[in-house]
Each structure stands twice: as structure tokens, then as C-alpha cells.
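Dropping the structures in below, format is C-alpha cells.
Next, two complexes with subunit A in common: one pairs it with subunit B, the other with subunit C.
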Partner chain A sequence: MLRFLFRRLVMAAAVAVAVSLITFTLTNFASDPAIAMAGDTASAAEIQQIREREGFDRPLVVQYADWLSSAVVGDFGYSYRMRVPVSDLILSRIPVTMMLGGAALTFAIVLAIPMGVLAALRPNSWIDRTALGVAVLGQAMPTFWFALMMMVVFSVFLGWLPASGARSWQHFIMPAIALGYYATPAFMRLTRAGMLEVMRSDYIRTARAKGLRPHVVLFHHGLRNAIIPIVSLAAVQFGFMLGGSVVIETLFSMPGLGFLAWESISRADLPVIQAIVLVIAVFYVLLNLMADLANAYLDPRIRIG
Partner chain B sequence: MSATPQDDKNLPDFGAALSEPSAGQMLRRRVFGHTGLVIGGTILLIIALMALLAPLIAPHDPYAHNLANRLVPPIWHDWFYDDPRATWTHIFGTDHQGRDYLSRIIYGARISLLIGFSAAIISGVIGCTLGLVAGYYGGRVDMVVNFIITTRLAMPVILVALAVVALMGSSLTIVVLVLGFLLWDQFAVVMRTLAMQMREFDFVTSAQALGCSPRYIIMREILPNVLNALLVVMTIEMANAILLEAALSFLGLGVQPPLPSWGLMLSQAKDEIFFDPWMITIPGLALLMLVLAINLIGDGLRDVTSPEGRS
Partner chain C sequence: MGSLRRNVLLAATALVFSAGAAFADEDRPLRVAWDFEIDNLDQYYNTNREGIIFARHVWDALIYRNPDTFEYEPLLATDWEWADDTTIEMTLREGVTFHNGDSFSADDVVYTLNTVSDPDSGVLASRNVDWIESAEKLDDYRVRINLHEPFPAAFEYLSEAIPIYPGDYYREVGPEGMNENPVGTGPYQVESIDPQREYVLVRNEDYYEDSPKGIPAIRELHIRTITDKSTQMAELLSDGLDWVWRLPADQAERLERRPGFEVKFGEAMRIGYMGLDAAGRSGHEALQDVRVRKAIAHAIDRESIVENMVRGDARVIHAPCSPFQFGCDEDAAVKYDYDPDRARELLEEAGYGDGFEMTLYAFRDRRWTESILGYLADVGIDANMQFMQYFALRDLNHEGTTSAFHMDWGSYSIADASAVVSHFFKGSPDDFAQDEELQQWLEIADNSIDEEERLENYRNAIQRITEEVYWLPLHTFVISYAFTEDLDMQAYPDEIARYYTYSWKE
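And then the complex of A and B:
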């Protein structure tokens, strides 16, 4: 178990370093940080001055080492545009994104697992077909368009829900549904397939033969085993949602990490962009690590094997 | 000497009629018997024809503005709201610059399909190479590729695409390249698994025993056997690329105006959301139909080509 944990940790750290290297190289090749910092109106002399003052004229490797060694302790430098430490900016924006991601994941799971279970218990019934329809539609619908359509109905026509901001829980309803619905099909398919397989297995027959009540068989023996792959999927999907929040947060003007990313991208605020990509990547890696551990806990075969 | 059936060319071949249907017939029967595949194929065919024949079927020039004719509502506003401005001249109405909405939708199909195909092909080449090589060689090579895949998965696609496009300047070519270089992960994962299974098969081990080069074995022995799975992943990534392009263009950092990208049309329609909400329904439905069709084809292909995988 310790060896398993150690190997996963090393892999996670290596991935984070690789992502930081790619992000740093990409941003430095795609644009000139001195020009980005100076803005559009700066003269050539000013740009040269910034380049020397900030050390942008040093070799890229040296700059990267410098940046990484501060990033490790949470110092991502200063935002070019807002003149505040990047880490402060990010910390102030994380709660909204976490709440949005959590709400979206909850929505997806609450919708998908019961439907997946019911669809598996009655294959080819109307409920199976409805679940399939919901899944097929969810996969094909552009998230931002679904959000726009909800805005038209619930904000413009009915006036029930606010269309922008993140001041109250009502502000989170539409964004969470839009973001969560896209993840629903994956959960539903996995639940359905898992339940179909588990319910055919010998231990379910044994449990039934022992005369256990149906709901005990279903929840304790069936769902518990079918849910194991869901844990990994939830981790992966939550990671994707952090990335996907860019579109939704921008659309609903929610002051989260995604909106900050979009603002920084449109202003060429390089330190903030680099930091956000790295933070999301680290989250993704940690979530997967936690999912692996949770799986090892739920399924002893994984820990030993 | 009795004549064998082969000698007598005049006799009809009764054996063939009585025997099992040919592989082609079986495949055709399965393809056309699959509802999802037929529906998806029909929609995709219509959209592809629309894109190909755009100059012939578009009623107006998609770029011709007419500011006197801005925001004309679609024809159904005449039926439901008695809006006198809605006429058959502009069936889907006009946008904020007075350009014919239907013509822009028709031309927009070209952009979506072009981006979907090109991005899927670029990412397919990258992902297949990585996946097949990793699965075939295993060991150290596999570890390295696995690391590359994990790193790629840890990078948020939309964010990286947005940043690169914003910093390098957005154009159709850059959007295609960025999406192509980002969306290869599924190809790599699927191809790696399949190549790992194939490596154990007799036809691969016998090719190795014959002294075939790894390159020959991967290209000639393994690749032809994984084409079905490749096609399925291709549909998934095509749909993904189309949705991502729409999202990028919607945020103003994808395809640039005046090109009629559906995502861009949605972003322009967003500004009119309070007064002309119909404007966001039409390009969104077009996107939905296209992606739905591609997904149905992907699911259908998976069912048809691997009967054991059918649920």
C-alpha cells in the first residue's frame, strides 16, 4: 500500500512539473512577456527597459527555474494588469469555482445514478429509453448554448433566476445545471453498465436466495460494487469541470477561477494564465490520486494487486 | 467423366443462394437495421450536402450586410405573432448587420465540418502513433507514453486552447491546429489498450518470428485490425472539436468575423438575448443536430462492428 501511494505521488509531482514546463514554454513562445506587460501603447525603449528590469532577457531555462522555484512555495509573481500577487487573486476566486463544480457534480450524480440504476433494472423499458434520450441529448448539446437557452426561459421570460453574478445560491442553479448536464451521460452509462453486470453476478443470486429483502440486495450488494468506477469518473469529471468553468463562468459573469482565466487571457496577463493552468492541473492530479486511494479502500483487490 | 459445378457455366449457382449471406450483405443489413445509425447518417448527409452545395442553395450572400434590414425575425414570427417584418425573403430572419441568417447557417456548416474533420485527423495521427507504439513495445516506452497521456489529461483543454489562440492570434488554421494537438488523448488510450491485446495474438507473434520490422507489424498487422475502434474514437473527437470550436468562437477567441461560424453567430446573438431570443435558438439547434448525428453514428458503428459490445 505504501509503495502504491509513493509511486502515485511521484507520478503526480512529475505530471505537475511537466504541465508547468509546457505552460511556461507555450506562453513564452506565443507572446513576448515584455510587450504583454508594457501594453499596447508602450514605446520600444519602454519595452526594452521592462525586459531588462524583469529579467526577460535571461535564457528561458533560467527564467523557468526561477519561476518554478517560487511557484512551488505558492508565489506566482504579480499580475501585469491588476498589480496584486497572482496567488491572492487565485485564492479569492477559488471558492466560487469550487461551489460551482461541487453543485454541478452533485446535479450530474443525483440525476444520473438513479436513472442509470432504474435503466439497468428494467432494460429496454420506457425508463431505459428516457435515460438513453437524456444521455444522447446531454452529449450533443453545447454547454454554453444550453445555458443561454435556460437564461432566455428563466431570466428573460419568467424572471425567476438571476442571469449574472454569484451573490446567492440562486445564482448557481443555472450554471450548475448547464455544467453538470454535460457530465451526466458518462455517469449514467457507467452506472447502467456496472449495475447490469453486477446484478448478473453469482453473489447477487446468493443474496437473493438467502431471502434478503430486495432493497438490501440492490443497495448493499449491487450499488456498492457498481459504484466503484463512478468514484474515478467523478474525480476526472470534476477536473474537467474546473476547465469547463471558463465558458460558464464567463457567460454568467461569476467571479471564479474560470472567469479570471478568461479575463487574464483577453488581457494577456501571462503570470495569471500560467498559474491558473498549473493550479487546475494540480487539482486534477490530486483528485485522481484521491480517487485511486478511494478505490483501493473500496476494492481490496486493487490495493494488493 | 461427370461435370463439376465449376465446369458448367450455364447452370445457375444454387449453392450461393442457399448459403449464408456474404459478409458485405450482413454488414449492410446490420447498418441499415440500426435506427440510430440510419438517423445519424441521414442528418450528417444532409448537413454535409448543405456544406458542399452552399453556394448553390444559400438564398443570399452570407456576407452581404444591409443595415436597413437588421434583426428581421424568422418566418414563424409572422404565423405566431403577426409580425409584418417576417417574410419568406429571410426565412430565418437577419442578424444585427442585416445578413441573411439561413445563408450564414448553411455556410457555417462548412466551418464546423472542416474543423471537425481536420482536428480529428491531426489528433488521430498523433494519438494512434503514441498509443500503438506504447501498446506494442510496452515496458519503458509504455511508461513514457503513459506519462505523456496523463500530462495531457491534466491540462484543461478549453483553457489551454483559449490561451494559445489568444496569444498567437486567432484564425481558422490556428484553431484547427490547437484542437488537433490537444484532442489526441482518447486515440492514444484506446489504441494502446488494443495494441497490448493484439501483441499476444498468433498472427503478430508469427510475423515477429518471420523477422518483420516492428514498423511493418504495427502498420500492416495491428492497424488494420483496430480500424473499427479508430473510426469510433474519430467520431467522438470530431464532435468534441466541433463543440470546442463553437465554445472558443463564442468567447470571441476562435474563428474570427465575418466568417459565419455557428459559435460566433451565438456570441453575436447573445447581445440581442433580451429583445430577439430567437437568434440564439437557430445556430444552437444546428450545432446540436450536427453533434447528435456524429454521436449517433459513433454509437452505431460501435454496435455494428462489435456485436459483443452491444448492450
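And then the complex of A and C:
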């Protein structure tokens, strides 16, 4: 088990370095931080001055090495644009993104698992078809459009929910639904497929034959086994939500990582872009690791094999 | 995506009811949204417009430029004069206090100017201050500013771009502290900056009575960053905001028809233009021929573009600068009427009777650029559009790879032709004319302190640019403002929102 963990952690570090190298190269090719810092009206001389002062004229390899050596000890440098430490900036923005991602994932799971179970119990019935319809709708609608529709209905017409911001839990309702709904079909289909397969298996028949009550069979023997792939999917989806909250956070004007990423990209604020990509990549890797551990806990075969 | 979003909002505006109960009360906060977060609240380390607007509320400069008359008026300085070509002497206002209680004197001016003009300070818009050699105190309320060399635009910079900081405070906290807790003498002071990046400003109750900015009528300003225009509109419609700006023209017009809201289209200093690579930096053959460039000028119906797309108070311009700018003499410009037949003739003469291909780079509004493509196609020019982000396009321009570009320029709100003509035609990486005589005229116009001499040289420059069609000037821009109908507001051409002039209607 320890070896397994160690191997995964080394892999996580390798992924993080690779991701940071790619981001560094791409963002440096795509934009010139000196120009972005100097502003719309800067003269060539002003731009050159900034380039020299900030060391942007050094070879990329040197700049990357410089960045990496600081980053490994947790120093991500200063934001070009805001002149505050990147780590402060990221830390101040993480809570909103985490809450949003958590709420969205909860919404997706709470909606998808019961629907998936119901659909599996009565395959091809009207319940199954309705659940499928709800799920397909979630995937078919563009997220920003769905978000705007909710905003129009619940903020403009009904006045029930605030249209933007992140000051209270009410502010998270619409963004979480918009973000979570998109992930619903994947969870639902997986639950449905898993349940269909599990409920046909021998041990369920055995459990039934033993005279166990139906809900014990369903939840204890059925769902627990069907849910194993859901754990992995949830980890992946949560990672997607952290990365994919750019549109939703920007639309709902929520000061999270996604909004920060959007702003930083539009201003070529490389240290911040670097750090955000790295943070999300590390999260992603850690989430997958946690999913593996959780699976190992749920399914002894993974642990032993 | 943009039009789909607009249609969603159409659904919203079609049904919405009027905004919340209106009450005239100076305690009622004014809630506004900006498109971008301010990069840095220390004005010297910020180049974005939101920060500039913020600065005009929190700080005062030495001189005020009246946005209606463009005259200079006393702000923190009551009197100023050229002692000689490179020396300015100023008398300061007495009895002014900073928001933290420090009293304002010559020491603050001297410390601010010497600190920010130091090349090691790392200020971002260094040209705002790098003409200052040093500042010295003559007595408590008199200062002398020494210049490196004659700089006729000095008062322009002193009037807007150089806010005065409290010396002792700035010495203690530095740029970092100023960013966290800005302190000035301006009409509003910072009450709070929360992690959600909402800025709350409250009226400076000790603001000096005879400031040309006036005592603000509205006590509190709540400023939020909302990037998405549709979200801004939803907030405005659901009584979450009182004021937004820069809505697309069609959205703004739709909002205008709603009860409870008012929309203004104020003409701005920003101008639209089409740049053509006359110098051949990009290697495009046809565009180096002046007849081809003239043909393009005749091919485009600018009146129609303004009337149908830009709308509001926008107008067609012929000179490559804003009518609001000093030195921008429309009469010096060569005017090209919409005349597609003449355009075809010119192309024929130039040997491009069968047309040619080119790429038109653009970033602002797809539909505007598409209409230009249509006019060009009409005379046989096969142009395809390359639509991109502003910064990316600007980088390409600096590299000189763009043969034709449809762009616009706000001149940093500086009401002087140098801010646009000299920026683009004095040999910078943005210069696609590379015309040495033109550069010489601009050199004289920029550096003379004789107004007549300046005007004459800008006239020469304008004539040359339009005669050679280095640029085809297109039109002025309008800025839309949408707000609740009980707000009294005034728009200014320099794209600076001045909330201290706003009030609630009785």
C-alpha cells in the first residue's frame, strides 16, 4: 500500500512539472507580459524598460528555471498585474471555487444517483425515459445559456436569487446548478448501467434468496457495488469543475480561481496563470489518487491486487 | 455566442418590470459595475482605465482640466507658470487635508514627484513622469519642478496623470500599502475593499468647497466588477445595480424602451480607423500603391456604417484624430467620398482591375468589420477577416506582419492630437507609414511651446496622412450608459466616469 502511494505521489510531481513547463512555454509564446503590463498606450521604450527591469529579456530556459526553483519551495512570485504575492491571490480565491465545485458536484450526484437507480429498477419504463430526458437536456444545453436563463427567471422576473456575486449561500445556487447539471448525465448513466449489471449478478440473487429485505439488497449489496466507478468519476468531474468554472465564475462574477484565470489570461499575468494551472493540475492528480484510495477501500480486490 | 446571449437578454427585457422604488436621498448608495478589476490601486502601478477612474475620485492632481471647456483650473495648485523653458513654479492650495488627517503641503508634492519620477521606482506608465527631473520645495506652499528638457505637454500630465500622495504615509507604506489602503485628498475616500473586490467609497466630508470637482451629491459609491455584459444587465434589471456602461448599442436601445431606465450615448474621444501598410512592412504588394489605398478610401460607405451600426452621437471623421483633441483640424484632411466607381477606376489605374487579396485584422466588433469586407468585395478586393484579441493584434502590429487592420484608439483620454497622431506616425513599432518628413513635423508639433507652430505642424501631418491614406479615419465612438431613471448623470468624451458630478433626482 505504501509503495502504491509513493509511486502515485512521484507520478503526481512529474505531472505537475510537465504541466508547468508546457504552460510556461505556451503562455510565453502566446503573449508578451511586458506589453500587457505597460498598458494600451505604452511606447516601445517603456515596454523595453519593463522588459529589462522584470527580466523578461532573459532566455526562457533561465526564466523557467528561476520560476521552478522558487515554486518548489512554495514561492510563486508576484502578480505582474496586481503586484501582490501570487500565493496570497490564489489562497484568497480558492474558497469560492471549492465551494462552487463542491456544491455543483453535490447537486449532480444528488440528482443523478436516485435517477440512475430508479431508471435501472424499471429499465425502458417512463421513469427511465424521463430520467434520460432530464439528463440529456443537461448535456445538450450550453452552460452559459442555461445560466443566463436561470438568471432571467430567478433574478430578473421572480427576484428570488441574486444575479451575481458570491456573498452568501444564495449566490451559489444558480452557479452550482449550472455547473453541476452538465455533469449529471455522466453520473446517471454510470449509475444506471452499474445498477443494471449488479442487480443481474449472482450475489444479488443469493441475497434475495436469503430473504433479505428489498431495500437492504438494493442499497447494501447493489448500490455499494454499483457506486465504485462513481467515485472515480466524481473525482474526475470535480477536477473538471475546478477547471471548468472559468465560464460560470466569470458569468456570475464570482471571485474564484476561474475568474482570476480569465482575468490573468486577458492581461498576460504569467505568474498567476502558471500557478493556477499548476494548482488545478495538482488537485486533479490528488483527486484521482484519493479516488483510487477510496476505491481500494470500497473494493478489497483493488487493494490486494 | 454573443448574439445568442443578447437574445436571452431580449427575452428578459421584453418582460421586465421597472426598477425598485425610487427615492431621492443622498444616503442612497450609487451601485455601479465595471468590466475589469483594477490591477493596482496605486495609480502609478496601474494602466487600466478602471484604475484611472478610481484615481480621479480618491486623489486630486495639481491641476484640473475642465472636461467641458478643456481649460485648466486650480486643483491642489492654485497658480502655476513657466519660470523658463525647463522650470515650472507652482503655488499650492492651503488648508487641504488628506483622508488620513495629514495636512497637505509642498512636502507631499515634492515627495510624490521625486519618488515616482525616479527611474528605479518602476512605475508603469513612465512617460507620465519621466519628463520630471526633480521637484523642490520653495516654501510650505510653493514648489519648483525642474524638467530634463522643454516639455510643452507638462500641464496636461500634471492635470490628470499625476495624483498627489500624502508624503509621510507613502514613505511609510510604499506602493504595497497604498494598494491595500489608498489615501488621497479627493472627493471620495476609500471605506473598504473586500476580498470580493467590491470597492466602497464614501464622500470626503472635509473636501474643499471650491474644488472644481465639486462636493459630491451622492454619499456612497459601491463599485463591483462584473465582466459579462448580460450579467450586468440582469443586475440592472433586478435592482442590483444603478449604473452600467459600454453596453452594445442594440442592448442599450432595447433597455431604453423599458420604463424605469434611461440610456445615454455620449460621444467619446475614441476613434475608429483602418490602418494600411503603406511602408510594406508586411510585404503586401498592392497596399504600397497609394492609388490602391485611395480606392479603399472611396470604397467604404462610412456614413452608412455610422448610421446603421455605431449609432448614437457618432460621426464620420476625415482626420486621424478626435475632434475633441487640440491640433485635430478636420479641414486639413483630404476627404474621400463614398464612390465605388472611382474606387474601381483607381484600382484599374494601379493595375489591380481584377482585384487582389488581403487580410483585414480586427478586434472590436465583427459586424463592423464584416460590413467593411462587404464594401471592399464590391469593388473587387477580396479581403478576409482575421478577428482576434486586442493584445494579440497589437503584438502582430508591432511585429509588422499585418497588412491592413481595423482598429480604434482612445488616446488615453488625452485631449491633444499628439496622443494619437504622434503615437502612430513617429516611427514607433505601430508606424506603418515610415514617412520621415511626417515624423519631423510631428517632432516639432510635439515639442514646441508655441501653439501656432504646433497647430501648423499637426495640420501638415494630418494632410500627409490622409493624402497618402496611411490611415483611413472612420468615425468617432459613442459610449452607452444605462442607469435607473432617477439618476442624474453627465457623460464626458474622455471615457472617464465622474461619479462626483452625479446626483439622485428629487
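One rule holds in what follows: the second predicted complex is superposed on the first by the 305 of 305 C-alpha atoms of A that agree within 3 Å, B and C clash if a C-alpha of one lies under 4 Å from a C-alpha of the other, contacts with A are read in each partner's own complex, and residues count from 1 in each chain.
Here is the rule we go by: contacts are C-beta pairs under 8 Å (C-beta built on N, C-alpha and C of every residue); 3 or more make two chains touch, one makes a residue touch a chain.
Since the model is a prediction, treat every value here as computed from it, not as a measurement.
Asks: For A:Met37, select first, second, both or neither according to whether it touches subunit B, subunit C, the two together, or no partner.
Replies: Touch status of A:Met37: second partner only.
Asks: After superposition on the shared chain, which partner residues are touched by A:Val285: those of subunit B (first), subunit C (second), both, or neither?
Replies: Touch status of A:Val285: first partner only.
Asks: With the two complexes superposed on chain A, say which partner A:Ala268 touches: subunit B (first), subunit C (second), both, or neither.
Replies: It touches subunit B and subunit C both.
Asks: After the superposition on A, what does A:Phe144 contact: first (subunit B), second (subunit C), both or neither?
Replies: In the superposition, A:Phe144 touches subunit B and subunit C alike.
Asks: With both complexes overlaid on chain A, does A:Arg81 touch subunit B (first), subunit C (second), both or neither?
Replies: The second partner, subunit C, only.
Asks: Quick check for you: in the superposed arrangement, does A:Gly159 touch first (subunit B), second (subunit C), both or neither?
Replies: second
Asks: If we overlay the two complexes on their shared chain A, which of subunit B and subunit C does A:Ser168 touch? Say first, second, both or neither.
Replies: neither
Asks: Take the contacts of subunit A with subunit B and those with subunit C, and give the residues found in both.
Replies: Shared contact residues on subunit A: 30-31, 142, 144-145, 148-149, 151-152, 156-157, 250-251, 262, 266, 268.
Asks: Which residues of subunit A touch subunit C in their complex?
Replies: Contact set of subunit A toward subunit C: 30-32, 35-44, 46, 49-50, 53, 81-84, 92, 142, 144-145, 148-149, 151-152, 155-157, 159, 162-167, 250-253, 255, 259, 262-263, 266-268.
Asks: Which stretch or stretches of subunit B touch subunit A in the complex?
Replies: Going by the criterion above, the answer is residues 147, 150-151, 153-160, 162-164, 166-168, 239, 243, 246-247, 250-253, 263, 266, 270, 273-274, 277, 280-281, 284, 287-288, 291-292, 295-296, 299, 311.
Asks: If you look only at subunit C, which of its residues touch subunit A in the complex?
Replies: Subunit C residues touching subunit A: 1, 4-5, 8-9, 11-12, 15-16, 36-37, 39-40, 42, 45, 47-48, 122, 124-127, 175-176, 179, 195-197, 224-228, 230-231, 234-235, 237-240, 389, 391-392, 394-395, 398, 410-412, 419, 423, 428-429.
Asks: How about subunit A: which of its residues touch subunit B in the complex?
Replies: My answer: residues 11, 14-16, 18-19, 22-23, 26-27, 30-31, 123, 136-137, 139-145, 148-149, 151-152, 156-157, 192-193, 196, 236, 239-240, 242-244, 246-247, 250-251, 258, 261-262, 265-266, 268, 273, 276-277, 280-281, 284-285.
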